[in-house]
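Take this structure, written in structure tokens, and hold onto it; I'll ask about it next.
A, B, C and D are the chain letters, set down in written order, and residue numbers restart from 1 in every chain.
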Amino acid sequence: MRLERWITPAAFAAVTLAVIIMPAERSGWAFRDSVIPFLASFATTVAIFAVISLGLNVQWGYTGVFNFGIAAFFMVGAYTAAIFTKPPPAQPEFVSYVGGFGDKLDFLPFLSSDQWLPFLIGTAAAAVMCGVLAFLLSIPTLRLREDYLAIVTIGIAELLRNVSIEERGLVNSARGLTGIPRPFHDFFDPGDYRFVYFGIALGVLALVYLAVERGIRSPWGRVLRALREDELTTAASGKNVFAFKTQGFVFGAMIMGIGGSVFAYERGSVSPDTFTHFFATFIFWAMLIMGGSGNNKGAVLGAYIVWGLWIISLQLLGYDLPQFLRSRIFFIRDFILGALIIAVLLLRPQGLLPEERRVSIWLERQLKRRRRLWPWPRRREPTEAAPVD
Amino acid sequence: MTDAVSRPADLVGRAQDIRRRYGDTAVTAALWLLIVGLVLWSALNSDTRQLFVNGVVVGSVFALGAIGLTLIYGILKFGNFAHGDLMMLGAYFAFFALTGRVSERPRFDKELPWSLDSLPGAVDRLGDLTFGYGLIIAAVVAVAVMAALSIGLDRLIYRPLRRRGAGIVIFAIASLGVAIAARSLMLIIWGPEPRSYVTGIHKAQQYPFDIRLKTDQIFIFAVAVGLAVLVYLLLYRTKLGKAMRAMSDNPDLARVSGINTDQIIAWTWVIGGALVAVAGVLLAIQAQLNPQLGFVILLPLFASAILGGIGNPIGALTGALVVGIAQEVAVEYFAPGYKSGVAFVILIVILLLRPRGLLGARV
Amino acid sequence: MGVSILPVLEVKDVVAGYGEVEILHGVSIKVDEGEVVTIIGPNGAGKSTLMKAVFGLIPVKKGRITFKGRDVTGSPPEKMVRFGLSYVPQSENAFATLSIQENLEMGGFIRRDGLSERLNWAYELFPDIASRRHERAGRLSGGQRQMLALARALMLDPQVLLLDEPSASLSPKMVEAIFERVAQINRSGVAILMVEQNARHALQFSRRGYVLAMGVNRLEGAADELLESAEVGKLYLGAEP
Amino acid sequence: MAENGALLRVENLVKSFDGLRAVNNCTLEVRKGCLTGLIGPNGAGKTTLFNLITGFLKPTSGRIHFNGERIDGLPPHLTFRKGIVRTFQVPRELKSMTVLENLMLVPSDQAGERIWNPWLFGFRVSRQERQIYDKALQILEFVDLQHLRDEYASSLSSGQKKLLELARTLMCDPQLILLDEPGAGVNPALMKRLVERLELLCHELGITFFVIEHDMDLITRLCNPVIVMSNGEVIAEGSPEEIKGDERVLEAYLGGQYLAGT
């Protein structure tokens, strides 16, 4: 269908236009003072969410592992990063949390808590914690029918959120943690910092994207995709199904943890009310399903479009809306998201960007090096094989 | 020679066989003992007796939800993640039928000119209950609406997916979409503030053994048990119910026997929708009307259904009572926020030890 | 049995298969009133596929199926049952989680009246399952389960009964019992179309037989002729044609 | 006592499902370098036997020896490691992966299958990928599918899927290949080629085959010896000619009572 080819560009263009025009129009076309900073914040959030969406893509899009508790990993990532970078609580009677390793790192200049190393340590710790959590969850569930994992992950997300609220000394219960040191924060003008952080978030996204792409296009990723297609055949090809499934789940969870940590450093504060099922699990599914599961570009595009809808609904509040709409705009947006998910599943199950047909970056590189034209995807005639025997 | 070498290995093999054959039974027996022990202990211990009774009430609300869930799981073979939200939606429909209220702007309601509470005596309390017959009629309206809505959702969403041969995960994601849509619909129409069917304080009555119970709670328990028995009778005594079980067992053979499977699926949604509505109303009486509650209740529902063995209504009832009691009694020892943790722990234990549930796989 | 002009069930040049895979490449079979017809043939000949195609469980791509002169091609199984056909699949032919009585009730699902008489009739015909009528079918032995499957299919008083390998994986004694029961059912006036692995045995109980191989008709004739025919053995063990 | 040259030996193997014995005290041997056929009526337990040998099912009792080593109860990926590969009766291709990927998946111990190796030892992964790629191309040519290498496996015809299954087994230098009805749905021209290929593999490369097949012509052309199973037991073994003349085999197929045991 000719029309179908335009869906993806049209969706992209619509969101882009809306995200630029609405704030511009409202600020009287003051691009430098308000639109550009706004876009930087917008893009930062998109980058962070795209990271988590990529993590989900590894789990669901490639491995076929069904995680309905992204909130758990998002939250563990964010909190871990926070307590690894924050100084210990100053007034334990008012604010209390475990960790607070930020001070211990202050003895060297580039280790002080507002520089890059604590950021890296926090992010790494977040990834590790999420990996361990995912590994533990995989033990009772990965051998069972797919939807059992979904239920268990819903459970762990719910439980962890409640633990964070109930245990006062753990992460300062419902009030959450504030004042998380942000990398390089003191070196820049507060007004410009958002651009710096946009760079950081973009860098993390790029790294994660490359890592996922490289992992998925490696023989390792090939096994994961084979698992998604048919576990029996994969077992008959001599692969340890359970081990690879666990690896895919853990790898995806670690990426989600990284996303959580970058989120924490961007906000400078985290609190339990961010990590509800709705906000912290559902939107990532919406992003991935809409963008196209099994395609990393799709995961990023999905994050862009879904968060675009989010921002559009926020922007709409700046206009003179009837009271009826004004108080309900977010709920209407949620409804549209729910309906969109169903519509995508029914009408375009492959999402905006369908999965690509590629084998292995290693092979592509090899073949290029040998100055053979890689025949993908247009040239289909068989190239002569390497001399046999 | 070969024999001599392989004999020890054979012994090991035989031991494994025995473990395979009897281990399952032993684990089940141990779990049952544990459950019965905990239930008895919490019922007899004077510290937890009150909580035990509360748990039975909470559990009976879970039971209705879990029975609906397990019914749909048994016949359509997918976990319906919209079940909790649809329960709440049903409760709101009853609220709407009763009071005719919708939210106009935050904390400000608009009352439609027609509603059940304008009927004469509709809100007069029935005996010691907090509500009048109006709510009961409203619940019936909600049952009808939810049954129709369920069929509509099946036609619109699940049937096309079924025809396409989509996997269970696609169904689950679709049902998540439904859950979100249902939740936001409640928020759009009635706003985020918690509500209740009737206002005013309801005093609990004193019963023997130092137990305090509201009559509403007895009502909840009675309705839940009554409906569970009805569902059981439906499944085991009526032609339709037997056909539903037959289809759950072997859809092809059901068709060969002349059972119209499309019709059975439609009936399953009707019954499932009706149960959803009643469960929602009971939940709203027991707790409150709150759009957030729908998704939260999903975990205990699934825990109950899995504990009882998916596809088995009596199992779901048993499982739900156990989960309800465990959650309430845990309040004595842990902070109330850990209620969901109890359901989670039960879930994990069952998945680790006996994934088919306690009453599952009785073939 | 009198010879009728029209066959009760006629299958003409049926082409069918699973998805894109074609297994039957044009098979024709007919069953006259009150007779037992057996289809034999080597594995993979498409015998079971033919049964499923006749009963509407898989789509018929070409050809015609008529029942008492009426075109029933492509009717779903739930309709076939109403026309007066009944089918016993080869495996999983009882609802394992339902009781025996419930299995039979499901067999009579579309019956409006006379269910209890028919139940009694079935229990008389199959006394070994009658004593266990409230047990779950999953607990029955293979032979009993097969008896139950037969009884379930007979609950509607069909005119034609399709049997897919009634003797599969049963002990020799049980096979004997099943075939005797099949003969008894036939004597009550039910025409039977049967697919069998156990060719000799089945042919002894049949009036006519067909041999299928690789999805086409290869031989047909009176049962005793086929029994004597050396061709049949060759078709199975593939001597050069 | 073990006869010389027995690659696979199955002893008194039993597998029961809910009291039904699908494989009942089955004892047989597959000799090295042979194309052994396995025939029998439907429900004889042939596919169940394959599932037991490859570890997709665990036997109720009995032993399986491969190269003198006990392998019963090993999970599928470990029997694969020992050198046993199988195909499925109904082809189970990896649908939304290309034909080439279907093959490149198979070789075990690929360096790139460890998640960190692509980062640490890229060159090794790269070199190995090239080798696997070359091998996959060779095998695709061998089964005549090279023109389809970039197609999704789901778009193949059923005969081509059968060939893909065979190609998959060849990717890993197996010692024993279990083929479950390789001929079903393959057109005669392809079939002729398939027979040639199998013979070539067996005689030139010394791969042992154990083949379930219903097409007796194919069995006659291809296999020697042939083992006949009925009701979960081995009832005869011999050359195709012997089998055809064997009264018990005909009995098993045509019904009547065969003599059980001894």
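Note that contacts are C-beta pairs under 8 Å (C-beta built on N, C-alpha and C of every residue); 3 or more make two chains touch, one makes a residue touch a chain.
Owing to the predicted nature of the structure, the values given are computational and were not obtained by experimental measurement.
Distance from each chain's C-alpha mean to the overall C-alpha mean is smallest for B. With chains reduced to the mean position of their C-alpha atoms, the one farthest from chain A is C.
With centres defined as mean CA coordinates, chain D is found 48 Å away from chain B. Chain geometry summary: the mean Cα position of chain A and that of chain D are 43 Å apart. Chain C has its Cα centroid 57 Å from the Cα centroid of chain A.
Averaging Cα coordinates per chain places chain A and chain B 33 Å apart. Looking at chain C, one finds that residues 138 touch two or more other chains. Touching of two or more other chains is recorded for no residue of chain A.
Contact with two or more other chains is made by no residue of chain B.
Chain A makes touch with chain B in their complex at residues 60, 64, 66, 68, 139-141, 144-148, 150-152, 154-156, 158-159, 162-163, 165-166, 277-278, 282, 285, 289, 323-324, 327-328, 331-332, 334-335, 337-339, 341-342, 345-346, 349.
Within the complex formed with chain D, the residues of chain C that make contact are 20-21, 40, 42-44, 138, 141-142, 165, 167-169, 172, 196-202, 232-233, 236-239.
Residues of chain B touching chain C in their complex: 239, 242-243, 245-246, 248-250, 252-261, 362-363. Those residues of chain D lying in contact with chain A across their complex are 54, 56, 75-77, 80-81, 85-86, 88, 92-98, 100-101, 104-106, 108, 110-115, 117-119, 122, 125-130, 133-134, 137-138, 141, 146-147, 149-150, 152, 168, 172.
Note for the complex: chain A touches chain D at residues 214-215, 218-220, 222-223, 225-226, 229-230, 232-241, 247, 251, 294, 355, 357, 359-360, 362-363, 365-367, 375-377, 380-382, 385-386, 388.
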